[in-house]
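Sharing a structure here in structure tokens format.
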Amino acid sequence: MIDSDVYRRQGFGQSLAIAPPFGLLVVDFVNGFANPEQFGGANILPAIRNTAILLAEARRRGWVCAFSRIVFADDETDGGVFTQKVPSLLSLKEAEPASEVVDALAPIPGELVVRKTVPSAFFGTNLTPWLVKHGVRSLIVAGATTSGCVRASVVDAMSWGFHPVVLSDCVGDRALGPHDASLFDISQKYGEVMTLRDFMSRPEIHARLNA
Amino acid sequence: MIDSDVYRRQGFGQSLAIAPPFGLLVVDFVNGFANPEQFGGANILPAIRNTAILLAEARRRGWVCAFSRIVFADDETDGGVFTQKVPSLLSLKEAEPASEVVDALAPIPGELVVRKTVPSAFFGTNLTPWLVKHGVRSLIVAGATTSGCVRASVVDAMSWGFHPVVLSDCVGDRALGPHDASLFDISQKYGEVMTLRDFMSRPEIHARLNA
Amino acid sequence: MIDSDVYRRQGFGQSLAIAPPFGLLVVDFVNGFANPEQFGGANILPAIRNTAILLAEARRRGWVCAFSRIVFADDETDGGVFTQKVPSLLSLKEAEPASEVVDALAPIPGELVVRKTVPSAFFGTNLTPWLVKHGVRSLIVAGATTSGCVRASVVDAMSWGFHPVVLSDCVGDRALGPHDASLFDISQKYGEVMTLRDFMSRPEIHARLNA
Amino acid sequence: MIDSDVYRRQGFGQSLAIAPPFGLLVVDFVNGFANPEQFGGANILPAIRNTAILLAEARRRGWVCAFSRIVFADDETDGGVFTQKVPSLLSLKEAEPASEVVDALAPIPGELVVRKTVPSAFFGTNLTPWLVKHGVRSLIVAGATTSGCVRASVVDAMSWGFHPVVLSDCVGDRALGPHDASLFDISQKYGEVMTLRDFMSRPEIHARLNA
């Protein structure tokens, strides 16, 4: 369907170094996006299950972990273009269970939770300074949706200088067409794309930082 | 191909107000992206021809116009993740014709030209302050590539509070699959998508600002 | 004490246009900064009293109003350089009265409240997009401290393209030396500085937007 | 003159860790700021001489070095609030010797030079991503003016998560009052302040990165 020959001929899609220190970013895996009746669907639930495995590994290895949530003010004054295009997003308020990270991935003390009102987890948040403080070089990315907030966060991650690694079975979308299209774009231009299993078998992630 | 039912059911894809003051952003329509042998291909050349018509209209109406170019330092010290994924981009240097805006769209005094090293025309540039200075509300977007720097710029435009209007025949890509997929995502979540002809027939753009 | 001749000779300190639409920014006027035993002192309390008058005028005229608070996460994971230099700031947590806007200036629905962990109210918040959404051109600035978060916010305001107007008796600091020094710098380089009384007598603020 | 008792009592002015990797930022040491008849004066020339010593040390140790220049477009379309307050700044154009880094500190290949139109060297530039790419933790700051572009850059440096170290005799200003006042504020809230001699005697800078 997608003609990837032109990308190869023009030099796209080279590999990115995957190197410590690692950080993990879990984008918008909140109850409202786990619910197919609200903002979820397609392959989001299996992606959450895989991310639970990834999160446990990340914590075991001492990687810093960050989470994003979409949260609008109770008076909705911080709504903008995003909520004009998708008014239902305004239901994601601080006290609404729909805006909370799913139980299976609940953040623990020392992990950063950023609230945002736009697609990227970096925009209007303190995610970049927190990653700088921890010296993160490669940012492992999970979350939803692949074609929305995950992709926007990956583009910002690489623009800020971090190496994004998107685990294809730890990200999900409400429809598979946009999911696949964004994974293609990311793999060609913005980061590495691989399965959780392939990632866990990479020797780089087992190396000690200063070995 | 793409199942848009789920988007409609979840409330995506509503219309965005198109209102003055207008600004025009032309993303990366430089010689290197006009050349199918370098970074171009598919529908980029017709998009440039349509943008020439759009640019003439914008200037006639007094809309502010901005252009972006990808430009790396001669010593390439500002290369990063983008150039690890696409090393050939490093050929875009200040003095290289490949990095210059195509003749048909050459900027004139008073129009902003931003140099960038990442996908978004907003990132690491003074585009936002310049649009704020001019009080721009709706940002008309043309350029290349739809699935790359155009899309990244649209996501940033809406995140900064501007209303993006992407003219589907004034943006182009090196392959049609990514072009179509990104126009779908933009129309669902980030901005308005319409043809140049449809845009020029919209009553909002003929209104006087303070009428 | 300060030799302002050199500034005049080099062309500094020219006037900035003060023009609608207006917005009001109230920086960190929270209980902890109103308390001389915590982060307050010197002229902060009178500045809060003057700001109550200013806020009432702003609301009467329909200007958009925004407030900033310093708030750290309960687990303090978002502390950084600022809290290494000033560890006591970590006491400003969401549920602590010290981090709440003082009663006399309590925000009402439709007014933006941004939480921040650094000096500037613009950094890592959605203040810029919100001002863009409302088309603000001139930003009236009150708050504390003049030499700290007010000044940092003013520098960012002008960098983002807004015209800062700092009301000298609506900003306060814990010591008068830094207060005076920052008002001098702002008046020379970043914005207009005047008293509340002088500001209220300016004809520009009484003009109708589209008159 | 300045009552620092209140700062001490409230817990300000603690020490910041100074740790590798180091980077050096030289702010606006260009010909126009070296010239007392243009934007210079007071202690700027001795600060440039000291910075030449610092720069040689930084290069010898392999620290990454970045420079900022104020540069406006030939058509001045990127002028803004800063040039309304200080119209003479518009003389700093790409081809003007006044905008060039002074010969004694001329950048060499591999060192980043950012062009800016506002006070901070971080704002609207790719300085942050470049420092992230190089993993910089502590940022040594020299340049002019202390109360202007140096201070604004220091506030942004600490907001982005870097540890600023300002060398008091490698920064200069056109008048000593603002110079002293800003060094006081920086030492209380934003970074470490010390002389070049004291800095060079700190054991941290002689440690090997991974020792």
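Which chain is which? They are A, B, C and D, in the order written, and residues in each are numbered from 1.
Simple rule for what comes next: a contact is a pair of C-beta atoms (placed from the backbone, for glycine too) under 8 Å apart; a residue touches a chain by one contact, two chains touch by 3 or more.
Remember, it's a predicted structure, so these values are computed and weren't measured experimentally.
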item	value
Contacts common to chain B and chain C (chain labels)	A, D
Touching both chain A and chain B (chains)	C, D
Interface with more contacting C-beta pairs, comparing C-D to A-C	C-D
Whole-Å gap between the CA centroids of chain A and chain C	34
Centroid distance [mean C-alpha coordinates] between chain D and chain C, Å	25
For chain B, residues that touch 2 or more chains besides their own	80, 118, 124, 129-130, 133, 159, 161-162
For the chain B and chain C complex, residues of the former touching the latter	128-133, 135, 137, 159-162, 210
Of all residues in chain C, those that touch chain D in their complex	1-4, 6-7, 10-17, 38-39, 41-42, 80-82, 84-88, 118-120, 123-124, 147-148, 152, 155-156, 158-159, 161-164, 174-178, 181-182, 184-185, 188-191
Touch list for chain B against partner chain D, complex	73-75, 77-78, 80, 109-113, 117-118, 124-126, 129-130, 133
